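Below are the structure tokens for one structure; questions will follow.
Chains here go by letter, A, B and C, matching the order in which they are written, and residues are numbered from 1 within each.
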Amino acid sequence: MLHSLIMILDWFGICVFAITGALVASRKQMDIVGFAMLGSVTGIGGGTIRDVLLGIQPIFWVEQPAYLLTCVLVACATFFFAHILHHRYRYLLWFDAIGLALFAVTGADSALAHGASPSIAVAMGVATATFGGLIRDILGGESPVILSQEVYITAALSGAIVFVGLVGLGASQDVAVVMGFAAGFGLRAAALHLGLTLPRYRPKNGFNGDQ
Amino acid sequence: MLHSLIMILDWFGICVFAITGALVASRKQMDIVGFAMLGSVTGIGGGTIRDVLLGIQPIFWVEQPAYLLTCVLVACATFFFAHILHHRYRYLLWFDAIGLALFAVTGADSALAHGASPSIAVAMGVATATFGGLIRDILGGESPVILSQEVYITAALSGAIVFVGLVGLGASQDVAVVMGFAAGFGLRAAALHLGLTLPRYRPKNGFNGDQ
Amino acid sequence: MLHSLIMILDWFGICVFAITGALVASRKQMDIVGFAMLGSVTGIGGGTIRDVLLGIQPIFWVEQPAYLLTCVLVACATFFFAHILHHRYRYLLWFDAIGLALFAVTGADSALAHGASPSIAVAMGVATATFGGLIRDILGGESPVILSQEVYITAALSGAIVFVGLVGLGASQDVAVVMGFAAGFGLRAAALHLGLTLPRYRPKNGFNGDQ
């Protein structure tokens, strides 16, 4: 039953990321094909990099084209309904948080399933959760804001560490998934609700950081 | 004989894309090594991503280094003759349209040959035709204009769909190649000649699209 | 013994590149997780692309997670000590030159070891030495300066050509490594010390290069 829940959340995460890619396309006033491309790249980009790095072949959406087709459909729908979603931008951030937390766990899980060590599994969780958005920002000509929203990457990192740590401690897969998701989503939710940030690097007084 | 034609057009497309990469280098007033790198990345970048996504090893230019060497030579020649090509920029756009339409077909054909499903083959055709130019723009510090020239991606998409569709309908390989190329090139030619565009996303009145 | 020296220099190069990634993070005033991500991407990015292009699985840092962990630790240390390193920015450029020259040789060596042809080995040396910095600049929102600092890519190219050429001429591995490293580092050192550049492309008079 939990496996079904993961599947549902996985598809939900892909759809939400595809929407965020389409929203960047809407900000650039692209046409519907631009929406489809940015939506697809954002929805399946993180998992694609994970599969390439782990040497998993065929890549998940090459094996199951439904992933790609779903991204295209969601992005095209956003083309027509983006004005509604914009008004609900705040809700989208919360959906995005769900996708982030979920991909951190499923990315790490996929790496462990392919024999990766714990530290690599954590890295793959972070990569799966964040690289789709990075590619979206670069292709869309946006500043890669993901790097300046520290609680974004940190939330993915936390979720992946909790999941991999619990698996390593012998916890059941179910518990590890739930706790990892809760850690990642909880931290991101705190960031969204309370404005939680980590300290940023500050150049020392008298020093010009732009040299 | 058609196979020979495809080979010729394939090499032609790679050369034309290498020239476009070198022209971006000329706009940034790079040195000849910068020309060689941007030209190579543009000429073989799209096919490289296709091969990596499909798990094809060795990658085509690793197996046949002549592809890479040709890109380097063409880019270096552009370093010395770019002022001539600039004056013929309009011709270049037409050569580029040929490369775009060809790569859409050959990229999809390569995917089908490796057992990909029709939708994946279409995606690979689009990726092969467009990603080289995307990498060129990003490395060259240009805005990824490919995403704002909607008939560019759309032309690649159309060519790939026609090719894959005809193959799926049982048409001979020859017919599918010619029709797919004609669809992609024709649409792009119409765009260049008539300024054809698709409708862009417009924010609704009273809404700030930049939120 | 030379093998040990290469190992030491290899780790040294990864650490130095991780520091340069962290320094870009410091310029963007990121938090410590941003430092860790940019440092890791810069330190292991070039070798990752090389392994993916050559179809080497598992990728070096997936097989030996110590590479990734080292990048993270070095980047985190930079978060706290960057103000010291900034004051020694000039030294860092020299360390970076060592990493560049070393990666050009080890990247080419890795390609030859996997049966690549000489021209591909040279390309892989250049890719290993330069792509990490390219990804760093793109993710960090910097202009990809690597393309405008011509002696940077050219130094990597020279080192890789000398190494592959000497191996092809039957020189011992030791001699080829030392001479290749000397060529790459020497050229980069001359560039840093003497301001060595290659001629850049200049548009002809009466021509607007920005068309």
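We adopt the following convention: a contact is a pair of C-beta atoms (placed from the backbone, for glycine too) under 8 Å apart; a residue touches a chain by one contact, two chains touch by 3 or more.
Owing to the predicted nature of the structure, the values given are computational and were not obtained by experimental measurement.
Chain A maps onto chain C through a rotation of 120 degrees [Cα fit, steps of 5, range 0 to 180]. Mostly differing positions are employed by chain A and chain B in their mutual contact, as under half of the interface residue numbers are shared between these two copies.
Spacing of chain A relative to chain B, judged by their CA centroids, is 29 angstrom.
Shared interface positions of chain B, defined as residues touching 2 or more other chains, are 52, 138.
Chain C contributes residues 25-35, 37-38, 40, 48, 52, 57-59, 61-62, 65, 68-69, 79, 82-83, 86-87, 89, 138-141 to its touches with chain A in the complex.
On the chain B side of its complex with chain A, the touching residues are 52-55, 116-117, 119-120, 123, 126, 134, 138, 143-144, 147-148, 150, 153-154, 157, 197-204, 207, 209-211.
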